[in-house]
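Chain naming follows the written order as A, B, C and D, and within any one chain the residues start at number 1.
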Amino acid sequence: MSVADTYERLFHAALRIRLVEERIIALYPSDKIQSPVHLSIGQEAVAVGACDALAARDLVFGTYRGHAFYLAKGGNMRAMFAELYGKATGCGGGKAGSMHLAAPEVGFMGASAVVASTIPHAVGSALAARHRKLDQVALAVFGDGATEQGVYHESLNFAALHRLPVVLLCENNGLAVHSPREARQAFGIAEHARGYGINVAVCEDGYDFMAVRAVLADAVSKVRTGEGPVLVECKTERYMEHVGVGEDYAAGYRSAEVAAEWKRRDPLCCEADLVARWTAEIAAEIDDAVAFAEASPWPSSDALLADVA
Amino acid sequence: MGVAHKLNDDLGAVCTYRDALHRSMHDAMTRDPNVVILGQGVDDHKGTFGSTLGLAEEFGAGRVMDTPLAEEGMTGIAVGAALNGLYPIQTHIRVDFALLAMNQIVNLAAKYRYMFGGRFEVPMLVRMIIGRSWGQGAQHSQSLQSMFAHVPGLLVLAPASADAILQTYPWIIEHHRGPVISLEHRLLYDVNFRVGAEAAATGDTPLGARVVRRGGAATVVATSIMVLEALRAADHLAQHAGIEIEVIDLNCVSHPDTRVIMESVERTGRLLVADTSWKAYGVCAEICRIVCERMPMALTAPVVTLGMAPAPCPTAKVLEDEFYPNLRRLTQELATLVLGREGRDVPLPDDASMADVYKRFKGPF
Amino acid sequence: MGVAHKLNDDLGAVCTYRDALHRSMHDAMTRDPNVVILGQGVDDHKGTFGSTLGLAEEFGAGRVMDTPLAEEGMTGIAVGAALNGLYPIQTHIRVDFALLAMNQIVNLAAKYRYMFGGRFEVPMLVRMIIGRSWGQGAQHSQSLQSMFAHVPGLLVLAPASADAILQTYPWIIEHHRGPVISLEHRLLYDVNFRVGAEAAATGDTPLGARVVRRGGAATVVATSIMVLEALRAADHLAQHAGIEIEVIDLNCVSHPDTRVIMESVERTGRLLVADTSWKAYGVCAEICRIVCERMPMALTAPVVTLGMAPAPCPTAKVLEDEFYPNLRRLTQELATLVLGREGRDVPLPDDASMADVYKRFKGPF
Amino acid sequence: MSVADTYERLFHAALRIRLVEERIIALYPSDKIQSPVHLSIGQEAVAVGACDALAARDLVFGTYRGHAFYLAKGGNMRAMFAELYGKATGCGGGKAGSMHLAAPEVGFMGASAVVASTIPHAVGSALAARHRKLDQVALAVFGDGATEQGVYHESLNFAALHRLPVVLLCENNGLAVHSPREARQAFGIAEHARGYGINVAVCEDGYDFMAVRAVLADAVSKVRTGEGPVLVECKTERYMEHVGVGEDYAAGYRSAEVAAEWKRRDPLCCEADLVARWTAEIAAEIDDAVAFAEASPWPSSDALLADVA
């Protein structure tokens, strides 16, 4: 496949995520989505580039900011909207909501709302993959804030010690809720990971899915051939507020200029022609998914006590 | 004393739970330069749901410190600070995250004084917010008071009103020399309370239970937001069935006020426990133990218990509405407890969603 | 079925709790190549108090893995491994250290299945050893079953005998698709049991309670090592006072067998709960809830509860001896529960220290 | 004071610790000490060198392997033996035992039996010291195994971020119970700490109290003058089994030769004349402390529920 084809495929995937989240913004005031949403708008390229570098059998372990990775890994859009609506047909039967999307059938292994808590899952899953000789890579995605948690250190150490087939992908948007990294971290994420003997790659242009894809493809191939874990740090930018569907540049905790600069380079913001080419088609898909969610039944009372233990 | 005084000044004034929190934070910082607040985002424009807003500006970043995401480490850091003369107030915007700090809370903070034969003290307050509201799901809505209350060495509170905060927080920060865990309920933050209207706790400290409504037909022991529900249910039953229910706000979960509970249960013979958490190994169980060890023969009917359904919290609103015990169920259970089968005929409160009511709720105490 | 069969073969054979553990580990590893053991020192010459000895040599380092000191991380790694087809058995040589893993246990393992609408399963066994023995102190001796049992999604066991292990572990590892927490008691490891002698659990699974002694004067619900104490107290009272006590081994703490408990309590009217942990918010409280919600009127006397003193565990032997409920106190309390004031005249067991007795103890079941 | 004087002072202090622990070994079979003991024999020089570099007002946060630091920081020997005996006159009134020695009057701030759990206490105490302008350094001592714990990462990050006056002292004996570092750690302790921008010093000769003292003196002075935390890694060797009073070279998990090599350089093993000079005097002090412990009363029943909350 040509570079141009790849570019278009990834652009389409990224645009699809953005339009889904823009639809969520539009729907949110109706209170039909009754759970907190953490939008990835601005960060789509990371999910799209990363998942494109994975094989279908590889596994992704996500976070509450999970729409982008769910879709990029191939999660069903109808099941996602139904989940946001709290419907029985949702990917979690309505029990999950936006923060706990999962699609095990395509290797999206769930998302946790406790920061950093799925990182060891990816490591453990890689341990199982090796044990079961699955030729499978696990990818943990997490934010910059997650690297402050003790379990991050524990996970890196174990993964490196046993040279497990896991990619540690940090979406570094420079913020944990409203706190800048300087208020939280004494270490550089990449340098720190090197301290474990972990291979490291940094992608400064996290808006550029092609760049992300290239870095990840290299990382995944190293991991797959048994070189041990790789940590990839992608610089990125979240355009919306931490949780919810608004913008909050006015709150003063970060700079609108930096965001504007980022947007000037973000293909989804610049390439009007490609956006125009696919918007209608994607909008129709979204319409269908939303209609599916609307038409779907609520979970039955039985569900309340089902699947507990 | 000073506190009671102050409350009298405010008697009748309306104040939200959030305002009460903010005021107690502000007053503690003003009174003692060694009081510091440590928590994620305590200095941001949201200010821990408003409860720490503006404090960083007023008292400086050295006293109102944003922290890394590191619950275990920051709790240990707070313990170390307490050992060396500070009074740390730590915040968790969800109780759930405090599970990461269980080791420091249970193995260290709770035991430090005893383990060394009384040679150390760890005075500190850990504020944990119960995140319940729509769609918070399994990991952002738990109400884990029982896990903490099981552990000797911890004082565990579940303040149910602005008064409970204004009475207990200043007292604890000034007088209690050990670690305190306080579970604040997110849904109470916006509720207006009339200050000074609540019956004060009996006993020497403001930690005791509060009889917030008198009645002889049955005793309700409730915690946190369930106190509000119990009061609404009691009012409803008084109006529609002429039944007078006694409602006790437990307030301190780790050191339940057995005297107040037993006095009431022995009088009414009927007990309902309404807690915000799971019933098994929870407040519902502990209150039953209190009665069973003392005078189970005083009970004329089985105890009714209300808590979350025995499951993680589902996200979908329709399931969530069944997951949490609501006003209607509480009213129904109480009516049946008092009237038996005839209780089923008592008209129940209408459909208005609980959360809606809370937002407009003006507390009767 | 297979298990029952096997047990019959061994009927009457003597086996320590440690042997039972070792055998169940060995059998599980043999049966299923995806069973792995993860824990600090599982492959060393002490082999988790003997319970994993030789397994690394037999099954390889890839299946019996020594781990870094990283309880939270390793629990998360076990969860991830379980999500991807392994059956991890994780070990903590002290329950106390599992507090570091509370987040993974409570927020992740317990909720993974439910939170995603049943799309994942986390089958795993976490073995935690209650470290009680002399001088273990505040941080190496806790018995934290109640904290786990409070949380829906966890199956929590406190096996009291070799039979309990031989019956439950294989069944759980083969059939239960969720996380199991098992609290093994260090003092039981050396105790000899006659295999197959214990009454099997009633019900479809081996998880139910076991009536380990029949009697009509009072019901004792006991956990873990307190089952042995209760049996010794019951034997003593039968011999010295002609009183027949019924003893129930609770076995599964998270899903107590209410049928067996209520049947007994309704018959005897008298209840004593003997648990290895603190009473508040513990097994003592939970059993009281079970009775209170169903038939408190069946009680003819207040319930007696025995557990650790409400304090951290002190190190000095003289204090430790008072900290833990012992055979004498149990016997005394039971005698008084059944006979009232006259119970004080019943002769009590002699001074032999509990620990000594345990070392030589040959279980009656 | 001359180098020779310092040497003798430190030798005396180290010998005192060794003789105390040898007495514990002798007493242990009597079952008068009814709690687990973790001996520091072989590691005394670390405690002695480190505490000598501290001012009296500085604070030390210890571990269950705490006899050496308790004594080196100036803890009372009588109160220590009484504590091991479980007596009311013990430094913890009998509630602490060997694993939880404390002597706040000389700045020994307690010891925890949960690995790594006092590291953040030292960091927090340093935060308080700065806040209260105490000109005080906090020292956290911990083993190599402790560095695997998540809280270690969290503590290093916070200490470095706020440049707190804390010394992080790792007693690296290469073992956690019976596990060698290679089975547990993918990182080098010193290099890893540098990843947080923390100043690092390594002392290879942990049997040499003069060397330890020099490294620590430098670290403490840097910390005191506001340069932020310093991590010191001291290589050392534990001669006895992990817990208990026996030797266990026969168990096969480590090499007796390495230990023998270490002992050949250990002043307490080589300098027979200095040992001979002070043994009697120290033995008398120990006799007195043991007699004190023997003669002391048991804690009263009241103590059981005292000081809980």
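Criterion: contacts are C-beta pairs under 8 Å (C-beta built on N, C-alpha and C of every residue); 3 or more make two chains touch, one makes a residue touch a chain.
These numbers were taken from a predicted model, which means no experiment stands behind them.
Visitor: Computing the C-alpha centre of each chain, which chain sits at the greatest distance from chain B?
Guide: Ranked by distance of C-alpha centres from chain B, the top chain is D.
Visitor: Of the chain pairs C-D and B-D, which one is connected by the greater count of C-beta contacts?
Guide: By number of C-beta pairs in contact, B-D is the larger.
Visitor: Roughly how many whole angstrom separate the Cα centroids of chain C and chain D?
Guide: 36
Visitor: Between chain B and chain D, what is the separation of their C-alpha centroids in Å?
Guide: From the centre of chain B to the centre of chain D is 42 Å.
Visitor: If you average the CA atoms of chain A and of chain D, how far apart do the two points sit, in angstrom?
Guide: Once rounded, the distance between the two centres reads 46 Å.
Visitor: Using mean CA coordinates as chain centres, what's the chain B-chain C distance in Å?
Guide: A distance of 32 Å separates the two centres.
Visitor: By the touch rule stated above, which residues of chain B touch at least two different other chains?
Guide: Touching at least two other chains: 67-68, 70, 72-73, 96-97, 100, 103, 107, 114-115, 137-139, 152-153, 310-312, 314.
Visitor: In chain D, what residues contact two or more other chains?
Guide: 90, 92, 94-96, 100, 112, 114, 148-151, 153-154, 157-158, 161, 184-185, 303, 308
Visitor: Thinking of each chain as a vertex joined to the chains it touches, would you call that graph a line, ring, star, complete, or other?
Guide: Graph shape here is complete: every pair of chains touches.
Visitor: Enumerate the contact residues on chain A facing chain C in the complex.
Guide: Against chain C, the touching part of chain A is residues 59, 61, 90-96, 100, 102, 104, 109-110, 112, 114, 117-129, 131-132, 134, 138, 150-151, 153-155, 157-158, 161, 303, 306-309.
Visitor: What residues of chain D sit close enough to touch chain C in their complex?
Guide: My answer: residues 33-36, 86-87, 90, 92, 94-100, 112-116, 145-146, 148-150, 176-179, 183-185, 251-253, 298-299, 301, 303-305, 308.
Visitor: Give the list of chain C residues in touch with chain D in this complex.
Guide: 40-41, 44-46, 66-70, 72-73, 96-97, 100, 134-140, 309-312, 314-319, 322-323
Visitor: Which stretch or stretches of chain A touch chain D in the complex?
Guide: My answer: residues 148-154, 156-158, 160-161, 184-188, 191-192, 194-198.
Visitor: For chain C, which residues are in contact with chain B within the complex?
Guide: It is residues 72, 96-97, 99-100, 102-103, 106-107, 110-111, 114-115, 137-139, 146-147, 149-153, 254, 271, 277-282, 284-286, 288-289, 291-297, 299-305, 310-312, 314 of chain C that touch chain B.
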